[in-house]
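Have a look at the structure below before the remarks.
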Amino acid sequence: MDKQLQQIRKDFPILNQKVNDEPLVYLDNAATSQKPNQVIDEVVRYYKNDNANTRRGVHTLGERATEEFETARQKVQQFINAKESREIIFTKGATDSLNLVASTYGEDNIAAGDEIVISIMEHHSNLIPWQQLANRKKAILKYIGLTADGQLDMEDAKKKITDKTKIVSITHASNVLGVTNDIKQLAQIAHAHKAIMVADGAQAVPHMPVDVQDLNVDFYAFSGHKMLAPMGIGVLYGKADLLKVMSPYQYGGEMIDFVEKYQSTWTDIPWKFEAGTQNVSGAVGLGKAIDYLSSIGMENVENYEKDLVAYVLPKLLEIDGLTVYGPHDADHHSGVISFNLQNLHPHDVATALDMDGVAIRAGHHCAQPLMKYLNLVATARASFYIYNNKQDADELIQAICDTKEFFKV
Amino acid sequence: MDKQLQQIRKDFPILNQKVNDEPLVYLDNAATSQKPNQVIDEVVRYYKNDNANTRRGVHTLGERATEEFETARQKVQQFINAKESREIIFTKGATDSLNLVASTYGEDNIAAGDEIVISIMEHHSNLIPWQQLANRKKAILKYIGLTADGQLDMEDAKKKITDKTKIVSITHASNVLGVTNDIKQLAQIAHAHKAIMVADGAQAVPHMPVDVQDLNVDFYAFSGHKMLAPMGIGVLYGKADLLKVMSPYQYGGEMIDFVEKYQSTWTDIPWKFEAGTQNVSGAVGLGKAIDYLSSIGMENVENYEKDLVAYVLPKLLEIDGLTVYGPHDADHHSGVISFNLQNLHPHDVATALDMDGVAIRAGHHCAQPLMKYLNLVATARASFYIYNNKQDADELIQAICDTKEFFKV
Amino acid sequence: MSLNGLNSLYREVILDHSEHPHHKQSLSSATNKITLKNPTCGDVINLEIKLDGDKITDIGFTGEGCTISQSSASMMTDAVLNKTTAESLEMAHIFSDMVMGKEHSQADLDKLGDAAILSSIMQFPARIKCATLCWWALRKSLGDEDDD
Amino acid sequence: MSLNGLNSLYREVILDHSEHPHHKQSLSSATNKITLKNPTCGDVINLEIKLDGDKITDIGFTGEGCTISQSSASMMTDAVLNKTTAESLEMAHIFSDMVMGKEHSQADLDKLGDAAILSSIMQFPARIKCATLCWWALRKSLGDEDDD
């Protein structure tokens, strides 16, 4: 299996290039992943053979497009083990999915004085929608804090989630700290208080097996582009019982039952939440990305990345003047590794690494409240995926050492 | 130029196939257009060379992706002659764009008793968002009616738009009646009453030159997928002055200035309205589609389609028992032609035509109030684009005659 | 060009039923009524049933729709008239399995009468909804809605 | 691997300015103050100017940022101190044109002093904002905001 993972690099044509005269080492996977030929080819196949609008056509292409779109939905359902395919709503991405929940379920169910509980490590996409909802409704937004080593503080969670809590929304895996949160236990706590549990799976679904029934989440959001699929497609999972009674999010073609001049009724889930022409090629590409990941096996993906982290994390920690955020224990750290090099600004680090062909990110990673909590302005971040290998890790280490030397830090 | 248009068919690989053993004649372009190799190849090129997340990265790929995304924005700006590129917001499609306006400008500016004026020929995507906004706000929704030959009744428009009107939102070109509306004059009337003018350009931008400054619209919405571009990308044009003071639509990554625990500030336009990871490959593909259309010239596109209509419309009108909706005068009819064949249900017509390889649409075309107004349940609809030719028109006529014979109507 | 392929869908008997639908009328003494719509095409069916104890003693439908939906409704009313609710629902399930292309025995098909001829709809996936709308209405009006 | 390419950006003089920035202090008697932020990276600059009539008689900045933004601010303060607002704004426009790769004369560049060295930033498009933030702050604080 490791063998297989060694081989897959050739499926990713973009990796086979030089950047600033150095072979590209792409370590910005938490931002977006690269696409294998299989996914690119599938999108091309769709456009060259079957492209049409869905659910509107009696003609053959229309029927094919509709079937491929709904087959993609079933693939997503199986991939995250949802009970029914109508619990899978296609969106633009995780941000769209989370805004959908806040604007429909949130808008309908939050009243003045209610509490919404999130964590201090949330990405802006799972933070501002709730913050603004709370402000609109005069509800109270509460933040779960972190333990000393940067994990979610479950004791604090138990205190913050109360009978006044209506919604708990937490990231399944952090895009900064490299930690994975115990969503299953959080859902238990939330449900014990009759709150619903929302999870932001943008950094989880690409990297580990996810079973929404086992987690017992009420809503679960993720993006295709971080898991080998094309851009512009994402998923919102929601329990059918909740989706059925929720208001629609957007209004337009294909989400209606009957439209009269002054009132309208909505069609069944999931289509009630899919207004307008859908990104069929995106869904089809996501289906292919799921096939690709499934053929490797998500346990293998997880283990492969764990091995990489076990290899690179100790090497990073050894570098003099380098600080790693989040747990230092490789067992508790995902392939997302944020760090700083002395008092060198992470932008300077990232530019230096780029000159060595190593693509990492620098900034606040859409987590400004977390930065403030950690007393940081910004960090550098290297993030790994299945097509990265130990050589990439070595290049990263080498480039960091070069950078230290250049800036004499 | 006609020569050039004769040649372009080979750029569209999907057209070169048989459906039900007959060569495909794709006449469902009002639903979605097919994609030329140039656009498909551009998407592939992007994914194989430059794919990254935008505006977040210091690294080379991130910089390339950002530049290509912003270049696409400039291409859109020039294509519709917007004053500045920051007036171009990328969305998922026309439906997303229109919902954005209704949920931000509409939500902020409509109060009880205000009037919103639309027309009875609107697509659900330019109807339900306003209907629901009016219902939420206890505002009044008014419909402009049609003249006897199915054109927008401008006299009625002058009556319906009053000093109480805050928003006028009308389709630039109908997806059922084949008419093009005088948006420029409507904008003048709206502005004289201090209302803003929104236009739904989903069926216009792909088929004719559009100049938003000349039309003097405040907002203008359209979809990429109907104009040779990939699915999942659309545009909202808005005047900078309006966009600047509007609330954001969705919240998340990249649309913020500063995020604190309990409040946030928003970044500049257009990014304020582009939350989360954007569909970069979609925007890049749209840029290429614009290049493709521009190399033909939109006047030529318009004239080519006019010629096709002048050829096919009289032939359709000659068929015994066939009713064409909208104007019967080819000069006033676009390439969108809705019809019925005696009392044969349009679904049966569409199935029959599909057996002859001719892909048309049957149904209410997301315009139920229009259907009711016309006293119809549904219609068949054939819609043409630049890769269609007179032979396609002949095949359509022949297939309709075959259908008549088969069903003995 | 040829429309030969159409013959497998629009058979004589289907066209007959659609031109002269059976039981296309409103009942004066219906015990169960339902209206179902197919929003994609605008088809509407109003189904009325008179139950006497467990038995469908009268049935009628009105509404608008394509050839397939009209003839399917006509054939369905023929099939379930004077049957018990259990028998009718069994037919509905057989019909549903049939059009989805699932295995079914000839004995099962025979129960459907003329309606069995609509198995050809399988080849026209876009039209399956047209054929099943009336059977859905039947199931819903008899309280057999497994909610999907 | 090599970081040779970095030398063109991080020249000695730039590193010097960033390590020992000039005028990095708050003014007690500022007439114009502004805070600008680069949300992408979190950089913040607080720029304070003392205008005497038309002339910048004192200038200082505080805040946080990368090597480029710190040294750019340091070099800018050197360049505009004791200049008139018109002269300073001209420099701001020259700087802006320069980093965007537009044509500029050597005479123009000379006006910028050390700051001219940042023309190398052109090759690092992702970093242009870091270099221009302080010049934007200058323009805004002197009321030259052409709103884009």
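To keep things simple, chains are lettered A, B, C and D as they appear, and every chain counts its residues starting from 1.
We take it that a contact is a pair of C-beta atoms (placed from the backbone, for glycine too) under 8 Å apart; a residue touches a chain by one contact, two chains touch by 3 or more.
Since the model is a prediction, treat every value here as computed from it, not as a measurement.
Comparing each option in B-C, A-C or B-D with A-D by residue number, the pair that reproduces over half of the contacts is B-C. Of all chains, the one whose Cα centroid sits at the greatest distance from that of chain B is D.
Centre to centre, using the average C-alpha position, chain A and chain C are separated by 45 Å.
Centre-to-centre, using mean CA coordinates, chain A is 31 Å away from chain B.
Centroid to centroid, with C-alpha atoms defining each point, chain C and chain D lie 77 Å apart. Of all residues in chain D, those touching 2 or more other chains are 40, 126-127, listed in ascending order. The set of chain A residues that touch two or more partner chains comprises 20, 56-59, 62, 256, 258, 347, 351, 362-363, 368. Against chain A, in their complex, chain D makes its touches with residues 1-3, 5-6, 9-10, 15, 40-43, 64-68, 124, 126-127, 130.
Put simply, chain D touches chain B in their complex at residues 37, 39-40, 125-127, 148.
The touching residues of chain B, counted against chain C in their complex, run 20-22, 344-348, 351-352, 355-357, 362-364, 368, 371, 377-378, 395, 398-399, 402-403, 405-407. Interface residues of chain A, counted against chain B in their complex, comprise 13-14, 17, 19-20, 24, 26, 28, 31-32, 34-35, 40, 43-44, 47-53, 56-62, 92-96, 98-99, 102, 120, 123-125, 127-129, 131-132, 135, 141, 143, 223, 225, 230-233, 250-254, 256, 258-264, 275-282, 347, 350-351, 353-354, 358-363, 366, 368-369, 372. Within the complex formed with chain C, the residues of chain A that make contact are 55-59, 62-63, 66-67, 84, 86, 256-258, 267.
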